[in-house]
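In the two complexes that follow, chain A is the common piece, with chain B as its partner first and chain C second.
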Partner chain A sequence: MPLDHKRINGPDETLPYSLFAKQSTPSWNQIFKELQKEGKRSDARGFLDHRKVFLKTGIVSQAKGSAYIELDNSKVIVSVFDPHEIPNRQDYSLKGEIYCEFKFAPFSCKKRRLHQKDNEENQYSAIMKQALESTVCRHEFPNFQVDIYALVLHNDGSCLSAAITAAGIALSHAGVPMYDIITSVTLGIQKDMILLDPNVLEQSLCSGPILDDTKNSDHGIVVISILNNHNQISQFYQSGMISLEKLNQTVELLQKACSDLVPLIQKCLVKHVIKTLKSSGEG
Partner chain B sequence: MTELRICLPGQRLCLSDKVYTSGQGTYERQGYIYSQLTGCLDIVEKDNVKVVEVHSSGEQTVVPGQGDIITAQVYIITQQYAKCNIKCVGDTVLRRPFRAVLRREDVRATEKDRVEIYKSFRPGDIILARVAERSITD
Partner chain C sequence: MSLCEAEKTFVLHGVEENFRLDGREREDYRPMELETDIVLHAFGSARLRLANTDVLVAVKIEIDVPFPERSKEGKLEFFVDCSANATPDFEGRGGEDLAVEIANTLSSAYRSKHAFDLTKLCILKGKKCWKVYVDILLLECGGNLFDAVSLAVKAALWNTQVPKVHGVNIDGNNIELNVSEELYDCDRLDVKNAPVMVTVCKIGEKCIVDPSVAEEQCSVGSIVVAVSGDKFSTVLQTGTGSLHPATLMESLKLGHRVAQRLDEALWATLRQIKPGQDVGFLK
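== the complex of A and B ==
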């Protein structure tokens, strides 16, 4: 990929410091065994517990609507801009367009991210678009386009689902008509272990098979987005290999986890309404 | 002042029947009216029909739709059309302008073939117009 020479790309030759540390990093197999033995995760939550969520609206003043979500260390900002005309467009579309851009900040991951969009970001943008298209009342703004930008400030796993949840709040904050509140949760699977809302380490643990004497090689990541009041799944993403019965089980778990997030979002939005009402009452 | 009711997207508001109909900021689905926006509930009574509306808190998202009265500024005129920037839709001022085209045959209702754009408009004019059957972007 051609490098962008107008930006600072960091020194040409760098090596991660971890390469020089003593060889004490455990293998995936060891990590897996450890997790199984402990019965809980590194941050002392159970396998099916969601991380604590922090939500805030209206943090990007230039945007029409914005939201900030924090799942412990995963931090994502989503901003939504007013509908505008689609540039260089000849034909007329009855439904409005949604443009999504999912971006990792250069400093968000362990390895420096480039300013250009890479394949992972393109894929996440497409998934986000798919999830949000069925949430927004697109017939309300025919021939116009709404821009949604998600920026990951710190990647500690489950960023895509955090971005989709936050995008729902940001859209609502922007006053874009929506059918429902959307929530999204990630889940990781490794053999018989199911990890809800995995962090970055657990995510990479689940993304490949661990080979040992057992036959069970289930592994993978599942991301689901749900419209809660109507109980509809607007987006489903899976990577890896998961048996059918396991998948059924995970979908049920994810549905429950998604509905658990709804009160938080409602509280956040109601807070925003009360705040604007108060400020307009004073002004 | 009546009690304010806060609505969230996807919240079921009431049954949709002869008395209650779905208005601005709401949608109808399987016999019920649901909210589309985050905002306050408002029921407007008009000839025995109660229109359920939700008004979004803060700035509203408006796009010019068919039949809306808009305020626009002309910036280019040609023989065939005048190009304008839409500044307001109804009473609301837009954050950023939308582009629009006013065609020669739409300038006035009578003597359509004898219209000459330059006799009606000059660049810089502020005009009041109604959006024709579909918004045209070029």
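== the complex of A and C ==
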């Protein structure tokens, strides 16, 4: 991939220093056993508890709509810009388009991310687009495109869900017509343990098998986005190795977790409305 | 190709009646043709024709240095090329989104250690490994690309011959590989659990597999499941629509069932292939 030479790319080959550290970090197996023994996670959450959520609208003054979401340490900014004509398009499209860009800030992960979009970011952008396409009333702005940019400031797991949830809020803040409030939740599976809203460590624990026995070696990450009032799944993504029964079970869990987020979003939006009303009353 | 409302209704009624446009039932596939070992310069290759979807997959291997954080693993990469031969839409950068989507889905499906074991591609820990390039060329698009691509990739990987490395000479920082000089002294890759993808398409109230181009246009949403062994290695929602949770579960079940049948059929076909058989349009 060609590099952007106007930016500081760093030396061609650098290694994270942690590789040279004494191998004192516990193995995945130890971490898993520890979790199992404790019965709760490192931040004292139960396995099926969502992290505390902080939401705020209107943090980017120049965007049409914007939202900021914090899931403890995961921090994502999403901004939505005015619709504009779809570029490089000859034929008239009856439905509006959505363009999503999901980006990790260079300093958001343990390893430095490059400015260019990598495969993971491309994939996340596509998933985000999939989730939002069925949320937005696209027939309301034919032949136009709405741009949505999500920027992860700090990655502590479940960033994609955070970005999708925040994008829903940013879209409504921008006044883009939508069918419903969209909420998204991530879930990790390792053997019989199900971890809702995993942080970055738990996410990597769930992304690979920890022991070599192939029996009961379920592991994986599931991301779901739901339109709650319509009870529709607008996006579903799973990776890893999960059996059918487990997947059944997780979908039910995730449905509930998603609906739990709805009141928070409603509250955030109502707050925004009250604020706007007050300021317009004064002016 | 675009359909008018009457044509769409006709397709939809056919699906309802369990008697599709070409006489198939909902769970039936169109006839497939599979050939392996047809590209001479590749280490393994396969061509799959599913009705009028045509996919050519070639596998190249090279020696590379493993990623420092995963020093015991080799590398596997997928590249999809949407040739403008397939449809004029692919001209220029037209097919890029689709290509990236397929490549990302494949790498996500092959990521788990139980789906494809990358540690077998390691030659010398931290120093040398095999890098497997899987190049996928879409020659003709007649719908259902994901399924066709995944089958062809699996067949090509099955066909791949990795040269045997007899020994390694280390002299300071110089590493010499002692690769077998016998032409046929090769190892096969283990693709027993390589995932098979099935696209489950929702048309009207019912779900079908192996949609043709016309059927793809009538669908409100589809799910791509990658099944490895009896577990899901990736599930991805595609298309613009959203699904009811019950539909999602139903399509997962259907995809799981069909993928296992498809995998069996693929193995039965692969077993029949005799080395040195002279077939195909490329020979």
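A few notes on this one:
One rule holds for everything that comes next: the second predicted complex is superposed on the first by the 274 of 283 C-alpha atoms of A that agree within 3 Å, B and C clash if a C-alpha of one lies under 4 Å from a C-alpha of the other, contacts with A are read in each partner's own complex, and residues count from 1 in each chain.
As a convention for this text, contacts are C-beta pairs under 8 Å (C-beta built on N, C-alpha and C of every residue); 3 or more make two chains touch, one makes a residue touch a chain.
Keep in mind the model is a prediction, meaning the values are calculated, not measured.
Contacts of A:227 after superposition on the shared chain: both chain B and chain C are touched.
Of the two partner chains placed around the shared chain by superposition, neither chain B nor chain C is touched by A:48. Once the two complexes are laid over each other on the shared chain, residue contacts for A:251 go to chain C alone; chain B is not touched. In the superposed pair of complexes, A:236 makes contact with chain C only, with no contact to chain B.
Shared interface residues of chain A, touching chain B in one complex and chain C in the other, are 227, 230. On chain B, the positions that touch chain A within their shared complex are 4, 6, 8-12, 25, 27, 29, 34, 36-40, 56-61, 63, 65, 95-96, 98-99, 134-138. Partner chain A is touched in their complex by these residues of chain C: 68-69, 97, 100-101, 103-104, 107-109, 111-115, 221, 223, 228, 230-238, 240-245, 248-249, 252-253, 256. Across the complex, chain A meets chain C through its residues 15-16, 19, 119, 122-123, 126, 130, 133-134, 207-209, 214, 217-220, 227, 230-244, 247-248, 251, 255. Those residues of chain A whose C-beta lies close enough to touch chain B in the complex are 64, 82-86, 89-90, 92, 137, 140-144, 172-181, 227-230, 266, 269-270, 272-274, 276-277.
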